[in-house]
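Shared between the two complexes below is chain A, which pairs with chain B and chain C, respectively.
Here is the complex of A and B:
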């Protein structure tokens, strides 16, 4: 309550209904400030999410909601080999289902980009021209992800791709192939590309945490004869540890939303025979490519949300 | 205000800098006057000289750092090379420099491509991006103000909803918005896509600006209130000017997000003449031989806008990114 509110409240005691007037003035102001933004937010963000949550329990005739079917869509979607392909998982053969692929992204991409990000942040931290070095690594994160996907196709092309040329130069001819179109290895090629793009973001977060560390702390540790390893574990790590949670969670969110890169490399099918399809791709195909299956699209999108939402709330709680 | 005098103060807050600059005549700090890192304590000359001449170890560190940074952008160098060379030379390998022919034919062809004309696609992207950014900035700061200053019913619920939407994947709102836009007659129009982008972006913008506004001291507003200023006057004359740095961050990040977005245009723009640039790019692949030259030229044109914006407003972009997730 601001001072003005106090004064107003004191003055209001003298007249009947004064309190109501003040409340009305504040209510009008609140409405003026909040309603334009929040109504758009409600119509185009909250509404559709509620719509999906409700719709996932209904049968759909293309785009029209039909009768209530309970958990049918959920059971059907979770049993769909496009989402989780149990028999292929047991043989460790792709496609293993979009959910599995997404989790594989989480398991490989997130630790790799976190470590690389921390490593590069530490490496660049006290160099001259660190701004330029950082921007070079970070630039990929500002490029449209669809371009990243196309660039990856270009790098991994058997003739024009520089990755295969490097293999040839190293004498590993047997490995030369069209990486993004080879079902059993393509996902790793794409994950490597994801790490390439996303490391810049992790590095940025770590860099800003590092720059907040008082340099005299490190200087005095140096004077006390602490080696680089000791300095890292005893001084730097405890101070950047909280950022690691944010880096990891943002990495998981980024990976669970993966769409553009996979689409660029593998189209709406998510690669040859869905070899590296992800949940986002499955939502798109279920909702907007024939056979249209809105129920399944909503279920899969909600699964994406369920995996990520607790993490986002954890970040919010942390601050 | 010089860089030196700024360095001597605590750099943790650009708010201070702004109030100072206002005293200087209502001008804000330009981008390059805001230091990126906390100021380092002054060192003696001998230490400076010792630092300036890299030791062997440090020299090695520079070599490694520069090599890594260069390797990091090799794919983009390849993209640039491919965009200015004929297809035969790209297939032979863009890294072969002898006998290199430089041509802008790829750019010309991509610009006037028959199925995916980049000229038109880029124009469409501007038409969608600019209003989507400006409206989000205005409505975002308006909604953020009550969140930062007033108590009102449902505040916590709204807050929770905003967090939930920030976590949600864009795919989750596609189905509802698809049906809604068809209902309103806005499907496959610029307006429809703009509205979807505004609704989607407002969540993080409100949260981000609220956090920023919480850092503005309340005393300024209270002084103005005692002078009889209304809430709207306070908003216009105090809150808006003081939140300029945060608004610039919002503008850069939201611009990049809307410009780069692929999924929303893919779902909501169906007429070829309305295609946005990211959406048109994959259509250039060609049937038999992948048209690398065209793809590269189109990619360069599409990424040029966000990358240039990033380079121009780098500090705002980076600070916004860090603040958006870490605060």
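Here is the complex of A and C:
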């Protein structure tokens, strides 16, 4: 080995050592910064989920875990008419079970609030006072949902409520009723309230998506001969599509986790004879109201998680 | 191109008649009293500094803005008040405005699709224009995957595919680098020649204007300063502003006073300019073949403040005082070698005067004498209008 080679080999050794040193330092730094976040995540998210997942296979005596029962809790919960009420579903009569109610929210609330939000965003896009209007619509979303629930109670109040008053003024007396306590219509009244609140959220997202569209694209389409409808379908709608995905998924997550509005209107029972109960209400009642059924609470909470988690994951991974 | 599937379409003359455009409830005047004629198949360039209202003028023709006053005609048809789609205009935007979610072929075919052209016809026409613009192998790409020059071509293709009666371009080359700009300039001119389509082109770049235009419209502060073919614009700028705007470096203007048949330029000296000036009476000159004095009225007015304009390339520089002619004295401030010429900045009186030299004959701080021919001088009155 010549002297030259020897020196080169030494230099190479040093380099490798250097790289390793840097990596070690980096790794320590990474760990230091990650530990607080990861431990919080572990304690408050992963821990409870794993605990519930395990707990859902055991029998419970109030808050103490007893013996392993296999799928017992799962089968019992899924057969419970409080979760899915098959015979009522066939007759389309409420209550139809909490899971069914949640899915009904998804089917009605999500498209309605999405399209209303897009409509308002388009309507406000060129208006002079758009900032004030936007703030007013969005204000509803900033209010805690439990307060929204209380506000809805006022609006739908049989005597003092503004909604019934409007019906009376319009001469539609036959429709006047106690909206939140009539089993067969109450859920729609609550969904309407939910839409009102959530529209502000989707409008805000759509508004920013619309203002991100280069105005010359719209002008170009005008020059190309496209009318307002074509401009919407061919240019605006495809360009706001990513936002639509976010709005829809956030909407689904929001209604799958629904609790406050239903609780404010119908208490822990979820309305008269559970007429508009949702999964969140069932978890709460199973866990905190006698007869306490911890196993069922865990099962129902996990069902919620199974529906919401993949959606949340999809949004988090969107680019 | 050999077989032309693009037929030679109708040509359209455009005329603007006293068109004004105000914004902010009349507080902002974008265009004021524009009178403009564009002939069939003409390549007209609107040239002006940014904010001069040239883009607004183009948008008025496109129908993206409606005039506050005045009328716009395509041939004999009045079109103001009509939407862009009712005017059969095509426009290329500065940023190309390609639809990002559509492929190149979909972008180009879009105006046809809107018009209900069948997919087969559409494909055929798209194929023809993409070939014409040499982008036939890009048709399946999205605009984001294209280079600036290719996007430019797609925007052009989308504009010409529908055979518009008027072709409008808003600073189409300003986003390209210098080499590409040169290429596209030639390409654009070729296209316009082949298609013979009435074209209005807006730019702030005088090189583009001079090289491509049949007619140049110079605008400043919302008004038209001059309408002329490129060469005339250079040879006979109607106002001092146009004179300063056209040409690089700009024309030198010497402020002076008309006195006893000559012009007193203060410390810089006195120039005679026979045939250009007569202090005692108004003369109508018809003599001479040179551009500068074909037929001009020299007004005898109380306003004796004038400006004498001479282009840098028309100044002769010497270090000894010439015995005769128009002589202006100054001191060399800087010498800038520009390659094809050497640019002198000469300090005359209290102003900097530009002169072009072919050889490096003088040095900084040297005293020099600038001379020019009578024919190369322009005389402007105190309103900035060309006198002679």
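Rule of thumb we're sticking to: the second predicted complex is superposed on the first by the 292 of 319 C-alpha atoms of A that agree within 3 Å, B and C clash if a C-alpha of one lies under 4 Å from a C-alpha of the other, contacts with A are read in each partner's own complex, and residues count from 1 in each chain.
One rule holds for everything that comes next: contacts are C-beta pairs under 8 Å (C-beta built on N, C-alpha and C of every residue); 3 or more make two chains touch, one makes a residue touch a chain.
What you see is a predicted model, and the numbers here were worked out from it, not measured in a lab.
Colleague: Can A:110 be said to touch chain B (first), chain C (second), both, or neither?
Modeller: After superposing on A, A:110 lies clear of both chain B and chain C.
Colleague: Figure out whether A:135 sits in contact with chain B (first) or chain C (second), or with both, or with neither.
Modeller: Only chain B; A:135 stays clear of chain C.
Colleague: Which touches a greater number of chain A residues, chain B or chain C?
Modeller: Chain A has more residues touched by B than by the other partner.
Colleague: Could you say whether A:255 touches chain B, chain C, both of them, or neither, answering first, second, both or neither?
Modeller: After superposition on chain A, A:255 lies in contact with neither partner.
Colleague: Return first, second, both or neither, reflecting whether A:225 touches chain B, chain C, both chains, or no partner chain.
Modeller: After superposition on chain A, A:225 lies in contact with chain C alone.
Colleague: Looking at A:120, would you say it contacts chain B, chain C, both, or neither? Reply first, second, both or neither.
Modeller: first
Colleague: With the two structures laid over each other on chain A, which partner does A:216 touch: chain B (first), chain C (second), both, or neither?
Modeller: both
Colleague: On chain A, which stretch or stretches are contacted by chain B in one complex as well as by chain C in the other?
Modeller: The overlap between the chain B and chain C interfaces on chain A comprises residues 216.
Colleague: Touching chain A in the complex: which residues of chain C?
Modeller: So the residues of chain C touching chain A come out as 62-64, 83-85, 89-91, 93-95, 97, 99-101, 110-111, 114-115, 158, 162.
Colleague: Would you tell me which residues of chain A are touching chain B in their complex?
Modeller: The touching residues are 2-4, 26, 29-30, 32-34, 36-38, 40-41, 43-52, 55, 63, 120, 123-124, 127, 131-133, 135-140, 142-147, 150-155, 157, 159-160, 162, 165, 196, 200-201, 204-205, 208-209, 211-212, 215-216, 243, 246, 250, 253, 256-257, 259-260, 263-264, 267, 279-280, 283-284, 287-288, 294, 297-298, 300-302, 304-305, 308-309, 311-313, 315-316, 319.
Colleague: What residues of chain B sit close enough to touch chain A in their complex?
Modeller: These residues of chain B touch chain A: 36-38, 40-41, 61-62, 64-66, 68-70, 72-76, 78-79, 82, 90-95, 139-140, 142-143, 145-146, 150, 152, 158, 161-180, 182, 195-196, 198-200, 202-203, 206, 218, 221-222, 225-226, 231-232, 235, 256, 259-260, 262-263, 266-267, 277-279, 281-282, 290, 292, 295-296, 299, 302-303, 306-307, 310-311, 314, 317-318, 321-322, 325-327.
Colleague: In the complex formed with chain C, which residues of chain A make contact?
Modeller: 214, 216-217, 219-227, 230, 234-235, 238-239
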